[in-house]
Amino acid sequence: MNLDEPVHVQYINWMTDITQGDLGTSFFSNQPVLEMIVGVIEPTLSIGTLGMLIAVSIALPAGIISALRRYQPEDYVATILAFLGLSMPEFWIGILLVLVFATTPIPIYGYTAISQGLVSWLSHIILPAIAVGVPYGAILMRMVRSSMLEVMSEDYVRTARAKGLDENLVVFKHGLQNALIPVVTVAGILFAVLLGGVVAVELVFGVSGFGRLLIGSIQRRDFPVIQGSVITISFLFVGMNLVIDFVYTLINPQIRYGGES
Amino acid sequence: MSQKAKSVDSPLLTAENIKKHFPVETGIISRFLGDEEFVRAVDGVDIELREGETVGVVGESGCGKTTLGRTVARLYEPSDGSIHFDDQEITDVSGDRLKKLRKNIQVIFQDPMSSLNPRKTVGEIVAKPLEIHDLASGDEKRERVIELFEEVGLQESHLDRYPHEFSGGQRQRVGIARALAVEPKLIIADEPVSALDVSVQAQIINLMKRLQAEYGISYLFIAHDLSVVKHISDRVAVMYLGKIAEKGSTEEIFENPQHPYTRALMNSIPRVDKKRSRRDILLEGTPPSPSNPPEGCPFHSRCPEFIGDECVDREPELEQVSGDSGSEDSSHVVACHWQEKSVEERQEQDPFN
Amino acid sequence: MAEPLLEVENLRTHFDTEDGRVQAVDGISFSVEHGEIFGVVGESGSGKSVTARSIMQLIESPPGVINADAIRFKGEDLLEKSPPEIREIRGGEISMIFQDPMTSLNPVMTVGEQIAEVARHHLDTSESSGFWSEMKRKYVTGASHESESWRRAIELMDMVGLPDPEQRAHEYPHQLSGGMRQRVMIAQALAGDPSLIVADEPTTALDVSVEAQILHELLELRDEFDVSVVLITHDLGVIHETCDRLAVMYAGELMEKGKTGDVFEDPKHPYTQALMKSIPQITDDREWLDVIPGSVPDLVDKPAGCPFRERCEYAFEGCTEPLVEYDVGEKHTAACHLHSDEVNKELTDRPAAPESHEGPSEQV
Amino acid sequence: MISRLINTVSRRLTGGSETHLFGIRSNLLERFSRILKRDRKAQVGLSIVAVVSLIAIFAPVIAPYDPMSQNFPVMQPPTFTGAHPLGTDSFGRDLLSRVVFGARLSLAVGLSAVAFGTLIGVPMGLYAGYYGGWVDDLLMRMVDTMWAFPALLIAILAVAIHGQSIWVPIFAIGFALIDDFARITRGEVLSIREEEYTLAAESIGMGKFKIMFEEILPNAVAPILVQYTVSTARAILTEATLSFLGIGVKITTPTWGSLLRQGRGFIQQAWWISIIPGLIIMITVLGINLFGDALRDAFDVKESGGT
């Protein structure tokens, strides 16, 4: 970095470098930043993706059941669990898991790459993924519940019943897709929650991922790495946004075919 | 064009060639490139109103009648045209002059629930215009509000209640009291009874008529219900796709409708006094989009009395109906190419007979 | 004479709300004959829509509770049917058309599929309409456009006057105009080949010109499909032009019932009379409309007796007695104690017109 | 007892015809107190919020020791009675005292952050929603950009530039909340603008500014209030995460998050240093969430999942 040049020249140089895939070199290790980030991104993405999968696969059925059995035992149990899940920081759930699973064969420390065997990989990321997935799933579940409740009181659901469809078809054929439309928008916004969670959870489980690199470089004041990480996070966000937009157009025909004819 | 003979008592309101176009929601880029699309909600309307008179505006949803009312009330900025009120140009007044105008032109809205702020008591709602225009304060204000309440058939005990505690008809009375508070010369009534129960509609209509007789207020009465409009109006304008299809005294319009649209519309109303025969469905389809109106006569795509090429090629202008009720200065005008044909020719094809 | 298609006996539907029990329908009885259009007219809160939904048992419970001596359809009491049997009847024997065609159609399904689905469920098509095959159709393969049900959908869309049905069937509700959406609703109601259609304010959300088209369509289809219709509306004109017989409802109770011609020519209930006089007609030249003072009563903890007595110009002390339906003509009844043998007053000797044209102010 | 308190308060607030509480008047407060009377969730939530707030306010009175004092045996496990009911930490500080003072700072950070987000976000949304046009375009593009800056990212930048301090989480969380508040307010304003009473206000000659604050804002308060509670809960959690990561407050500042950070190295040896503050966070956030949910029920606000 040519620190003696004026700031705007530095900035332009830096931007030029970025567009060429050059995020600079670490002050600390003298490694190229891009290489460092690519080296640690796998565990982070693994935990994040599995966490999201866990969240969605809990939230969807739980939210639907909770809505359909409103004010019945199932709903109360789901609601209490969801509120608990909503009220714990991810890393603290991680700490609890570490304590609980300390004496079991499930590893509570470190990470092995997916290339070294699926089972080992999975066993290392399952606990961190649960830790990040639970709060995320809790929020989603509440969303699914309220959205489902709203949809079930819509006129077209009454129409479906008046057609003589049985309740399962009314819910899953006529209700579900409509109920998911608002949930999908929120899922994107919640990505911020998930990302922060993964970074903190990596610290708890001693996973050398992106989060550790990030936190380490802040403590070392390794500015090129911090800059590179910030750019990476922004890219992840934009990418996530695109995915969400795609899913959104997929489930909402009013976006696909605008306007009255 | 509008060459109305200026009568001795000049009209209270004259609106000439009013246009109101709304931009269609498009992306920022196409707006930047300038290919903006417009909904021509109101597209060149002339309308005038004398003191103490009620002019009815009718048409189907999307014909621009509500937009016309709001533009005349200067709630919307007209895109083109000029409005004169009480011998003053009000087309682009703003600031204090606009505020003064608000004291003279008031609006009654369609939905008596939506037009009252749910977080205010009806007393506060009716008092608000008095505060805004510094007409009364303190005890005097309260007195005046009570007076207004009594005038519209509400009681003093209602003052501190919230809109949701009232029935639809009572809410509309509150709306009328609010409009009345500033003692306006003109009230734009936008579908004031269409959201009300049948048995309550009559109460509100009679109330409006009584207030008119008492205070000499003029009404621009906008509605889709021809029977209501007929009942309350002195003159009537029929709108279609942002334009006036036909205009005249209530008697002329209802006794001798000239425009095929007016005739078809009257024919469509479900009646309690006469059964319509089944082949009488004369208005097919729905009005075209006002962002892309048809060439020529806007009504030609649905017209049961379609003539031919001239309807498609050339837009008819509003012309005086000849031989109408004998008098020369009749205000009955209609925009239809049948006016250029002979009476016999028209009668031969008339599907309404 | 053959037994009626539908017989409702002493239907009472209430809702338990935080404010108390709302007796939305309070003991009404009527019957609908084969091939007949039967009108139910009333203002908002008169219980006409609840009546419609009670027949179909489409009342959310809680808070709603349906009670009746019987709701007989083709001689069988619907209240004694099991849920699967009721589902067979809904859409297959009795179908419904709702007021707002925009919100009553599913926004994320093509209109063709929404019609085809009914055919699959209620007609003998070769296609399975089980849960998993429907789910597969919806989320995996998409609806087949060669199938019998789809062809039936297109055929029906054509019959109810939708232009380009082949193409329209692939569109979503928001791509259609209000009138076209209501035609889709009608096609959907016909798809299961029902004997009775309950139409709840089918034209209220539409413009008069479209309203006329839809009513015309209903009349045509009645003949073509030999289906009876219960037409629910607040518009007396609509009733007059389409119905063979009608019932007038007020505050959950039946005020008057009879052939359309008889009731309109010679209404026997003070409420019917007052209602007819209060609406402006395109042919009338009255300076002032006749007003019914006050507003519809609160249905929470409704007092016994005639619900209209507070607003009735003929009210007398007998009006607090429970309502009874009196015969006032051939198949013409009116629930008004003025027609009882002791009173038997002619409603034509009206008292002097009220002083004010608006009548006294309403009570809250 | 609590419901009686609420009743009294709401009666006091709505007694006179001219009383306002952010425009929420009788019907909303009545509805809330009605929900409070029969909804267990609301009662638990409000009780927790009340107790934690009292602890925070009276921390110096309640805490048995100075939270910074290191004069005690190191890593003493909790006994739930005696001198150090919740044990001591790795520096020999009394955990109970630190948790009590932590309540003060954590709540202060959370509430300030949300206040920051509200004070900037709500006017932005109000203005954008009511005026529309290019102002709306511009503001919403800004909000969209903010969306890509989660609290984590801002905290990283803030710490990199400024170093750790109590202002870092306040600013980072607050900034990240702006777009939530702006979006929710704007959405609400857009639907209120459709209501005819705003047009009616214009027709009687009210100025735009007056309409915005007198007619529109009071009707948008309910969802904003609900969002406020949700965001406060979220802010407390985020503060904990940031401090745990070492990009929040200084390690010497006793917030719940920094207490957890101190426990990080001793999870196996001294579980209580990590578990107890975490438990306190959970209970507090649970209380706020339950309270917020009761508000949501009372005001009939849709779940928007705001973060």
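Note that the chains are named A, B, C and D in the order they appear, and that numbering of residues resets to 1 at the start of each chain.
Basically, a residue touches a chain if its C-beta (ideal position, glycine included) is under 8 Å from a C-beta of that chain, and two chains touch if they have at least 3 such contacts.
Keep in mind that this is a model prediction, so the values were computed, not measured.
Put simply, the chain farthest from subunit A by mean CA position is B. Across the two candidate interfaces, B-C and B-D, the one carrying more C-beta contacts is B-C.
Chain centres here are Cα means. That of subunit B falls 32 Å from that of subunit C.
With centres defined as mean CA coordinates, subunit C is found 50 Å away from subunit A.
Between the CA-based centres of subunit A and subunit D the separation comes to 23 Å, rounded to the whole angstrom.
Among the residues of subunit A, those touching two or more other chains are numbered 260. Multi-chain contact residues of subunit C (touching two or more other chains): 177.
For subunit B, residues touching at least two other chains: there are none. If touching chains are joined by edges, the resulting network of the protein chains shown is one closed cycle, each chain touching exactly two neighbours. Chains touching one another, given as pairs, are A-C, A-D, B-C, B-D. Within the complex, the subunit B residues that touch subunit D are 28, 70, 73, 75, 98-99, 102-103, 105-107, 109-111, 114-119, 121, 123, 128-129, 132-133, 160, 162, 164, 175, 178, 181-182.
Interface residues of subunit C, counted against subunit A in their complex, comprise 56, 58, 84, 86-92, 95-96, 98, 100, 103-109, 117-118, 121-122, 131, 134-135, 138, 171-172, 174-177, 185, 188, 192.
Those residues of subunit D that touch subunit A in the shared complex are 147-153, 156-157, 159-160, 176, 233-234, 237-238, 240-241, 244-247, 260, 263-264, 267-268, 271, 274-275, 278, 281-286, 289-290, 293, 302-307. Within the complex formed with subunit D, the subunit A residues making contact are 83-84, 86-92, 95-96, 98-99, 102, 135, 139-140, 142-143, 145-147, 150, 183, 186, 189-190, 192-193, 195-197, 199-200, 203-204, 211, 214-215, 218-219, 221, 223, 226, 229-230, 233-234, 237-238, 241. For subunit B in complex with subunit C, the residues that touch the partner chain are 60-61, 153-155, 158, 161, 165-170, 197-203, 205-207, 209-210, 224, 226-228, 230-231, 254, 264-276, 278, 280-281, 283-286.
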